[in-house]
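This report concerns only the one structure given below.
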Amino acid sequence: MAINWFKYSAPSTFYGLAGKLIPWFALPAAVLFVIGLYIGFFVAPTDAVQGEAYRIIFIHVPASILSMFLYLIMAGYAALGLIFNTRLSSMMATAIAPTGALFAFISLWTGALWGKPMWGAWWVWDARLTSELILLFLYFGFISLHASIDDPRRADRAAALLAVVGSVNVPIIYFSVKWWNTLHQGSTIKFTGTSMHVAMQQAMFITLVACWLYAIAVALTRVRSIILERERHTKWVADLAEVKA
Amino acid sequence: MNTLSVWQLLVLVVRRDLLLAMRRRADVFTTLIFFVMVVSLFPLGVGSEMELLRKMAPGVLWVAALLASMLSLGRLFSADYVDGTLEQMMLAPQSLSILVLGKMIAHWMVSGLPLVLIAPVLGIQFDLSAPAQGVLVLGLLLGTPVLSMIGGIGAALTLGLRGGGVLLSLLVLPLCIPVLIFGTGAVYAISAGLNGAMVSNLALLAAMLMFSLVLTPWVSAQALRISME
Amino acid sequence: MLEVSHLACSRGDHRLFSDLSFVLESGQIMQVQGENGSGKTSLLRTLCGFLSPESGKILWDGTDMRELAEDYFANLLYLGHHNAIKDELSGVENLRISAGLAGIALDDKQAIAALRRMGLKGRERLPTKVLSQGQRRRVALARLLLGEAKLWVLDEPLAALDVGAVELVQTLIAEHLARQGMVIFTTHQPLEIAGMEMRRLSLS
Amino acid sequence: MNTLSVWQLLVLVVRRDLLLAMRRRADVFTTLIFFVMVVSLFPLGVGSEMELLRKMAPGVLWVAALLASMLSLGRLFSADYVDGTLEQMMLAPQSLSILVLGKMIAHWMVSGLPLVLIAPVLGIQFDLSAPAQGVLVLGLLLGTPVLSMIGGIGAALTLGLRGGGVLLSLLVLPLCIPVLIFGTGAVYAISAGLNGAMVSNLALLAAMLMFSLVLTPWVSAQALRISME
Amino acid sequence: MLEVSHLACSRGDHRLFSDLSFVLESGQIMQVQGENGSGKTSLLRTLCGFLSPESGKILWDGTDMRELAEDYFANLLYLGHHNAIKDELSGVENLRISAGLAGIALDDKQAIAALRRMGLKGRERLPTKVLSQGQRRRVALARLLLGEAKLWVLDEPLAALDVGAVELVQTLIAEHLARQGMVIFTTHQPLEIAGMEMRRLSLS
């Protein structure tokens, strides 16, 4: 097993593997999205307090959760790259960042759309919203820093350091609703007993899984193009069928 | 080999500075994000009462624009000074004022224009009304070039001094305060329904722009010659 | 014709030189000599108008250089201790811009040709910050290939250059003198122009 | 010739940076004046309702402190980088973290400490109560070193990059926001009579200070090594 | 003893050198030769650990330099293209600080003596920004007078120096070799140490 692992941590082999894996994530993602949104918008009942507006939750919550998890995963990969000097993990970190930023942005955007009917304002300066905004900025910081440094190896290492330092923010987002008494509501999904309708739960769960699959598929696609760009001078890239064509 | 006209030279300098800014793709982007961030920080410190925020909005946006342009002023001449390019500029057969004007224009395009473009989005955060937004943007459009140009004088005067960045702000901020007052004044005027006051505030800004356009390049050029001795 | 008369220059408490007079005619070359700190750079910078002389005059074709201002600068090419190139820009971009500042329109082809002549083949499009010290100096020296400036003021043009590049600079200077240019320069390394009388000015 | 202990080295670096700051007497002075000016600009942009001002005060003071420290962060390492001193520091036979810590301390003494000292005077302008003032100053005393230290990481990461100043803010501001929140939170808590909340906010600041003191010099040293490659 | 084995270094697309091996023993001196851009500076910076080599090892007394880290640096004196002096500080202050960074306590008297030996009499207390190029280089070179560092890595130590200063540097190097030090350096100017075999390493 250990040998296998090392084999696939080489960009040249991982490139092929990722290519094979992508459809296995992309297709289910699309299907589950459709199912989840269908249940969310047509099956789940109208909320007693919030009316129809609450349905944003089916996008908002998965996006919020993913934005946080993707950051941790990105930081983890970056740290691996920093410590063990493995090229592939640094590339994975770079590949994940834009998707994470996108989800953070969607979370903020849908949250804002939701806030208008609920709180009467697009935006309030509440702890969770603010820390989510910081998360978005951290993604931007990672991407900008990486883009500002010409030498890819140096860029990887510098950005990795930033990602690791920035990961202190994630627990802050998560616990912000507990630590500060604010407008944004606390967790409704709990392991023991929940106040949510079953159809709502199902829809949310399905869209969440769909988002995960989507994120993985996109990250793999992006890492493939990063591999190609970084290894463009090597022989195996020159030998690739799609490059020759 | 042909020789260059004054106009071509101006274009050359502007293009050069834009090229330098673009070479680091992050550059333009980050001034913008700095602006967004400062604007977002204030409410954080102040709390989230909508009424309060609406009142603060023009002031906060203008102060943030001022700071963003200030922060990037440091590099207006200093990079050219350190590597000797500025000496070459002073030896250019055309007037130094033209070159300075070119650098100011480029500075505005990199650090002022993006702010003007993003301001409406930030205005929404603060729940500004549509006409107030319009006036805010117009004011910024007239005012930010003035900030870059007045800033240019300060940058030229403090060239090569250590701690120049802060000293610079010290010299430039007082001169920029009128811009700030007219800019915010116009927004408050429209919010209060005083169209006359709004127009006169904007007119004053436009006058300052004309004035700076004529005077500041020359003054900065003189300041540069003094700093180089 | 460059005419310097009774020039004096002090920096701080130190009197660097005084009562310095010389005339440089078309086709002549002059080396300013002296120990470290004797005032060579100060003299050259005074000729460019960066420093105001304490007393004395600098005349260009009989007119005071301060009066001529831009008209004098059009005749001048100054190469200082600093290379005056931008780290982020490539050699081609740098050269086109410095040509532009000197009032000359240059296209990419001409710039590349100039850089190749300076021995930078294959490095023309790299940002100059990755170049070696000597290669950066060569980019700066490429300006010598374009100008129609009559008076070259060169402050240690040979710094950081290898043997091949030193010979190249000697050739360029010789060509410039042959087309009736003038050169005033400093160097701590030996520099000879074949078939030319080298005038020397010693500061001490 | 004797050799230096770690402690002597730390003192040497701090003294050196202070000496450099003093050599331009304007340096310390101007950070201060920048701070004073930003703080004073706000009421100008916002109007002079006392109630509003009192509410804004802690936020404005803290944000101004953050910006002032940000503005001076650019020179933390860059001057040493350009003239080759940083290379020599990396070759020092002692650990680089010590040198970095020394530079951070000096930076705080030049750009943070003066703000802490002047804050009470500005607080009066905003009509803050005496206990609120006390908490504000205590908060700044605990928080400004953290700003310098977190800023040090950003300064090290952006070393030698063009547009570093703005990129730096982009990287550092998000990380500094918690400091801001706790700092202002403490003042609001005491104003609202919530002593418990006030203490816990200050305790969090103190914890951040300890945490930064231990970690940031090391992280910055790593960042410097990466940036020098 | 410095032992370099099978060192390779690339910058960007260019392979600068590969499979470079040499050993430098106490009392030996080696000049790294090559054209502009051949990789001399890169080699010296690799020896200081600023650049990581692509492959190959650098051993100090048999141990990898990366492992030794600070213990290796304690034996090293590096003088780069940059002078590593502060414009605003005087020569004395600069020298005391750079000595401090190298772990040596120095008082004003010793610093002044060192600067005088470098020919900076009367300039010891001036801020170095008013000094001439060569004088600034001399301030940087004054570090050679203090250190007990065993290995000197000098990148164009003669840049901007006048004839007298060049001789002085030659003397300093000779003294260092006599007390069993090692020197590795680059220069485009001729440099001879009387009575010493000069080893040469050519990059191309």
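As written, the chain order gives the labels A, B, C, D and E, with residue 1 at the start of each chain.
The rule is simple: contacts are C-beta pairs under 8 Å (C-beta built on N, C-alpha and C of every residue); 3 or more make two chains touch, one makes a residue touch a chain.
Only a predicted model underlies this, so the values are computations on that prediction, with no experimental measurement involved.
K.L.:
Give me the set of chains touching chain B intersected with the set touching chain C.
P.N.:
A chain counts here if it touches both chain B and chain C, and no chain qualifies.
K.L.:
Can you name the chain that lies farthest from chain C, using the mean of each chain's Cα atoms as its centre?
P.N.:
That would be chain A.
K.L.:
What is the chain whose Cα centre is as far as it gets from that of chain E?
P.N.:
With centres defined by C-alpha atoms, farthest from chain E sits A.
K.L.:
Which chain pair shows the largest tally of C-beta contacts?
P.N.:
Among the chain pairs, B-D has the highest number of C-beta contacts.
K.L.:
Between chain B and chain D, tell me the centre distance in angstrom, where each centre is the average of that chain's C-alpha atoms.
P.N.:
The separation of the two C-alpha centroids amounts to 26 Å.
K.L.:
Just how far, in Å, is the C-alpha centre of chain E from the one of chain A?
P.N.:
About 50 Å, centre to centre.
K.L.:
So how far apart, in whole Å, are chain D and chain E when each is placed at the average of its C-alpha atoms?
P.N.:
36
K.L.:
Can you pull out the residues of chain D that are in contact with at least two other chains?
P.N.:
Where chain D meets two or more other chains at a single residue, that happens at 20, 23-24, 79, 82, 161-163, 167, 170, 173-174, 177, 181, 229.
K.L.:
Could you list which residues of chain C touch at least two other chains?
P.N.:
Each of 81, 88, 127 in chain C touches at least two other chains.
K.L.:
Which chain A residues reach two or more other chains?
P.N.:
As it turns out, chain A has residues touching two or more other chains at 130, 137, 140, 144-145, 148.
K.L.:
All pairs of touching chains?
P.N.:
The complete list of chain pairs in contact reads A-B, A-D, B-C, B-D, C-E, D-E.
K.L.:
Name, in rising order, each residue of chain B that touches chain D in their complex.
P.N.:
Contacts found on chain B: 20-21, 23-24, 26-27, 30-31, 33-34, 37-38, 41-42, 44-47, 52, 55-56, 58-60, 62-63, 66-68, 71-72, 74-75, 82, 161-163, 165-167, 169-170, 173-174, 177, 180-181, 184, 188.
K.L.:
Enumerate the contact residues on chain B facing chain A in the complex.
P.N.:
That would be residues 24-26, 29-30, 33, 37, 40, 43-44, 46-48, 50, 124-125, 127 of chain B.
K.L.:
What residues on chain A touch chain D, complex-wise?
P.N.:
127, 130, 134, 137-138, 140-141, 144-145, 148-149, 151, 153-154, 157-158, 161-162, 165-166, 168-169, 172
K.L.:
In the complex, go through chain A and note every residue touching chain B.
P.N.:
120-126, 130, 133, 137, 140, 144-145, 147-148, 183
K.L.:
Using the touch rule from the top, collect the residues of chain B that touch chain C in their complex.
P.N.:
Result: residues 1-4, 8-9, 12-13, 16, 19-20, 23-24, 79, 82-85, 87-95, 99, 228-229 of chain B touch chain C.
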